[in-house]
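Each of the next two complexes has chain A plus one more chain, namely chain B in the first and chain C in the second.
Presenting the complex of A and B:
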C-alpha cells in the first residue's frame, strides 16, 4: 500500500497507506460532522506534500471536533514539529510509542490512551514494557521530543 | 500512577546531537538503526547541516521522505530511493517546472499555457505528446529543478526535520550519490561562510583526522577545483594530522582548507577520531574559542555567538545562557583564565546584542534594498561591464556585497569586474585568488550564461584558449545576446585598435 485510502467503518474513518500528493483527491470522502473520528492504525508514512494537504483538511474541518486514534510515529513526529498539524479543535486520543530490545533486535509498539496514560499537558510515567520472552525493552524514541505535543 | 510533565527540550545538550552526526563516519560499525536515531535526535539544524544529512541518507541507502520544516512553518521535503534523490518538494514559484521551461527557452508561453490548461495528462507528458519537447529535454529540466531546489534549502535558515521510512517509488530521473557530491562541492565553495567553518570545526580542531582510502571515488573527489590550490592535501591527510596542524601548513589558504575538509567529511573520505594529535594532547577548546572571539567587532560577535550556540540571532538571552553552559562543559582547570575572559566577552555580547536589536527596529525598514531595486542596479552594472566600465561597476558591486546583498549574481559580477579590469589594464593579477573566487560563486549562478561568460574571460586572462572558447560557446548557447560581446584572443589588429582607442 503506498497511496492513501480512506474507508468509513462504523463511526470511524480508517486511513490506510501514505499521506502524500494523492491525499487531496481522497479527502473529499470526508464530510464535516460535529464529531469526526479518524483512525491511523494502518497509516504507513507521510511526506511533505501530505503534511500540507493534511493541514488544508484540518482548516476545512475547523468547525468539527476531531478525534485522532492510534496515531503512529510518523504522524506524531509531524504533530511535534508542524504548527497547525493538530489544531485546537483536534485531539490525539491514542498514539503508539515504539519500544526496542537491542539484544534480540525486537520491536514493539505500545498504545498510550488519553485519560489513562496522559491528559492535556501531562504525561504519566511510562509503563514498563517487556518483549515476548519477558526481557525489558527500551523506549525507541527521543523522549523529550516525542511527547512534546502533549504539552499543547 | 503519579503524574509528571514531559521533559523540557530547551535544556538539551550543546553540540552533542550535531557532534554525533558529524562523527558518524568515524564509527563504521554503527548500525543503520543508530544512524537513523542520530538523525532523529537532531533538534534545530541550519540549512548548511542539511548538506551532511542528505549525504548520510544517500550513503546509507535509505528509502523514504525527509520532511523539512522551517521556522516560518514552511514545509519542504526530499524523497529518497535506495541511495538516490528522486524528488524535491519545495513551495517555490521560481522553480516551478513551467517557469524553468520558459527560462531555458524550451517552450513558448502559448504552448505552456495550453499544457497548463489541459488536465488529461501531466504537463511534461503533454508537451512530449505534442512533439514540443523530447523526453531528454524534460529529464534535463527536472534535474535542473531538483538541483535548484536543493540549492535553495542550503542556507543559514533554521529547520527541524524528520525522516519517514516509506516505500516511495523509484524514478528514472534522479540524483545519485556521486552527482550529489558535485552539488555539495559547489555549495561548500560558494555558499558556506567562513564563520560557519570556524565554529563548526572547533570540537575537532585537534582531533586526528582519519582518512578512508578504501573508497573508490577518491581520485575523482580530489580532482575537483576546491583542491587545486591545496597541493599535497591528500598525502597530508594520510599522516594522522589534525585541522590545527593543517591550518599551519595551509596558512595562506585556511578557508579553502576548511571547505575541503568539510567536503571530504561529507563524502566519508575523512572522519575524526577521539584521539588528539601528539603535539596537542591538552584540551584547549576555550583557548581556541577565545582566540576566535577576542578581536571580533560587534556585528561579528553577535553572529559568532549565534553560530557557536546554534541559536538564531535575536534570541539574545537564550544564546547567552547556552554560551555559559558551553563554557562549563568544555572547562578544565588549566583554562580558568580563558573561561574568565570568555565570560567577559559574553557580557559584551549581551550588551551589544540588545543595542543592535533596538537599532535594527529603527533602521531595517529604511536601509534594506528590496529585490527589484537590486535587480535594477544589477542591470545597470551589467551594461557597465559590457561597456568595459569595469571600475565603475566594481565600486557599485563592492558596496552591494559589503551590504550583504550576496544573492542575485552580485558575487559573480564582482569577479567579472575584476577580470575585466585586469584584461583592460594588463596589470598582473593573482590568478590563483581569482580562480578561488570563481570556484566560490553561488551554485545556482553557475547555471547561468553570465557565469560561462566570466569563465571565458578568465580563460582569456589565463591565455587558455580552450577554456575561453568552451565557456564562451556555453554562454551563447544559454543566451544568444552574448554573440554581440565576443571573447576572443587579442590579435595584432585588435591590439593596434586598442592602442588607438578604436573599438
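Presenting the complex of A and C:
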C-alpha cells in the first residue's frame, strides 16, 4: 500500500501523502495525456526513494505537458536541490511560500501564482503578509535559494 | 548568524575548558594532524566546506572533527569529554545526545511500523506541527533514518532475528537530537560518507541510484539537515546514527552551520 494516494478530481490529479518507495505502486493511476495537471496541496513530504520514483514518473511522462499546482515547500525544496526534478516539459503553476511571526510563533503559507506573482525567470516583488492580528510576518525561507527554480 | 572561530579563538576556548587531556587530544588544524595513541583524537577546525569535512574523516583517519556552530564548540568538547567517562555507552538507548534537562522520549518500531504514524507521534512529543515549514528538516531526517532501519539494514544483514528498532528524540530550547538505534549492525560508515561525498560532488540527481536498493542520496539528505552527525556500528550487533540539528528553526538558521562528524568506533 502506498503512502501517497492519487485521485483524479475533475481535470486534476490530486496527490495526498508522502512520495516514497511505495510510490511506484500508484503511478499507474496516471494516464498519459497531452496536458496533465497535478495538484500537491495535500503532499506531505518526499523522501530519497520518492525523489527517484518521481524522476522515473517524469521520464515516463516526457511526451506530456505537465502543470504543477499548489506545490508545498517539501516539493519546491527538492526542485531546487535535484536537477531534473522539474523537467523541461513541466511548469510550476503555483506554489506555497511560508511566512512566520517569531513573536507569536504563527505560520502562514502564501500561494504564489504563475503569471501573477512570477513568470519564466522572473519573480515579482513579494506581497506583504500579515498574520490574523495584522502583525507583519517575515519570509521564512532564504529568498535566493527558495526561488532558484524560477530564476534558474 | 556567523559561527566562525579563528585559531586564536579556538585556542582560547580550549584553554578555558576543563577536560582530561590524558583522555582527550584536541588539535586545532588538520595540517600536520596526527592521531595520538590511547586518547580520543579530536580535530577542532573552522570554515571547512561540507566536502572538506567528509573527506577529512574518510581519508585522514579522523574520527571526530568538530566546528563551532549552532551547538557551540564548547558544548561539543564537553560532550566528548563526558563520553570518555565511566559507564558511557554511545550505543545504549539511555545515552543522551543533549544536555541534562532536555525533553527525551524513545519510540519503538519494527520493519512493518507505519512510518507516517511514527513520525507524527515523534512530532507531537517534540511540539512540532508536522505540516509546518519548520518541521520539514526533522521530518525528512526521520524519514531517512527510519527507512534505513526498516529496509536497508535488514536487507544488508539477512537472517537477523531482531526486528525491533528505536528512535530516540531529545529537544531543548535551541537544539534537537534524533537517534535511530537498530540491532542489525550493518552500517558501514565509510560507505555512508562516500554517498555523502558523491551527493555533494555530483549533485543529488547524478548521485541517484536508479537500480535496486536505496536511492543512494538519503545519507546526503540527513547530512544536509544536521549540525552534527554521529555514525556508529557494532558489526552484526547494533547501529546507532544520531544527528543534532537546530530545533524549530528557519532555513536561515541552517545557512551558516559549520558541521561536525563523529565516527563512534567500538
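Methods note: the second predicted complex is superposed on the first by the 149 of 152 C-alpha atoms of A that agree within 3 Å, B and C clash if a C-alpha of one lies under 4 Å from a C-alpha of the other, contacts with A are read in each partner's own complex, and residues count from 1 in each chain.
Operating definition for what follows: contacts are C-beta pairs under 8 Å (C-beta built on N, C-alpha and C of every residue); 3 or more make two chains touch, one makes a residue touch a chain.
A quick note: this is a predicted structure, and the numbers were derived from the prediction, not measured.
**Student:** Clash or fit: how do chain B and chain C relate after the overlay on chain A?
**Tutor:** Chain B/chain C on chain A - steric clash.
**Student:** Return first, second, both or neither, reflecting whether A:47 touches chain B, chain C, both chains, or no partner chain.
**Tutor:** In the superposed model, A:47 contacts both chain B and chain C.
**Student:** In the overlaid three-chain picture, which partner chain does A:147 touch, first (chain B) or second (chain C), both, or neither?
**Tutor:** The first partner, chain B, only.
**Student:** Tell me the contact category for A:98 with respect to chain B and chain C: first, second, both or neither.
**Tutor:** second
**Student:** For A:113, decide between first (touching chain B), second (touching chain C), both and neither.
**Tutor:** Neither: A:113 stays clear of chain B and chain C.
**Student:** After the superposition on A, what does A:56 contact: first (chain B), second (chain C), both or neither?
**Tutor:** After superposing on A, A:56 lies in contact with chain C but is clear of chain B.
**Student:** When the two structures are overlaid on chain A, which partner does A:3 contact: first (chain B), second (chain C), both, or neither?
**Tutor:** In the superposition, A:3 contacts chain C only.
**Student:** Using the touch definition from the top, say if A:124 reaches chain B (first), chain C (second), both or neither.
**Tutor:** first
**Student:** With both structures aligned on chain A, tell me which stretch of chain B collides with chain C: 3-11, 39-47 or 453-461.
**Tutor:** For chain B, the clashing option is 39-47.
**Student:** Once the two structures are fitted together, what part of chain A is touched by chain B and by chain C alike?
**Tutor:** Common interface on chain A, chain B vs chain C: 18, 44-45, 47-49, 51-52, 74, 77, 81-84, 100, 141-142, 145.
**Student:** Which of the residues in chain C come into contact with chain A in the complex?
**Tutor:** By the definition above, chain C touches chain A via 115-116, 129-134, 136, 139-140, 143-144, 147, 151, 203-206, 208-210, 214-218, 221, 250-252, 255.
**Student:** Once bound in the complex, which stretches of chain A touch chain B?
**Tutor:** Contact set of chain A toward chain B: 2, 18, 44-49, 51-52, 74, 77-78, 81-84, 100, 121-125, 141-145, 147-148, 150-151.
**Student:** Okay, in this complex, where on chain A does chain C touch?
**Tutor:** That would be residues 3, 17-18, 20-21, 44-45, 47-49, 51-52, 55-56, 73-74, 77, 81-85, 98, 100, 107, 109, 140-142, 145-146 of chain A.
**Student:** Touching chain A in the complex: which residues of chain B?
**Tutor:** By the definition above, chain B touches chain A via 1-9, 12, 33, 37, 40-41, 43, 64-65, 67-69, 73, 75-77, 79, 89, 91, 160-162, 164-169.
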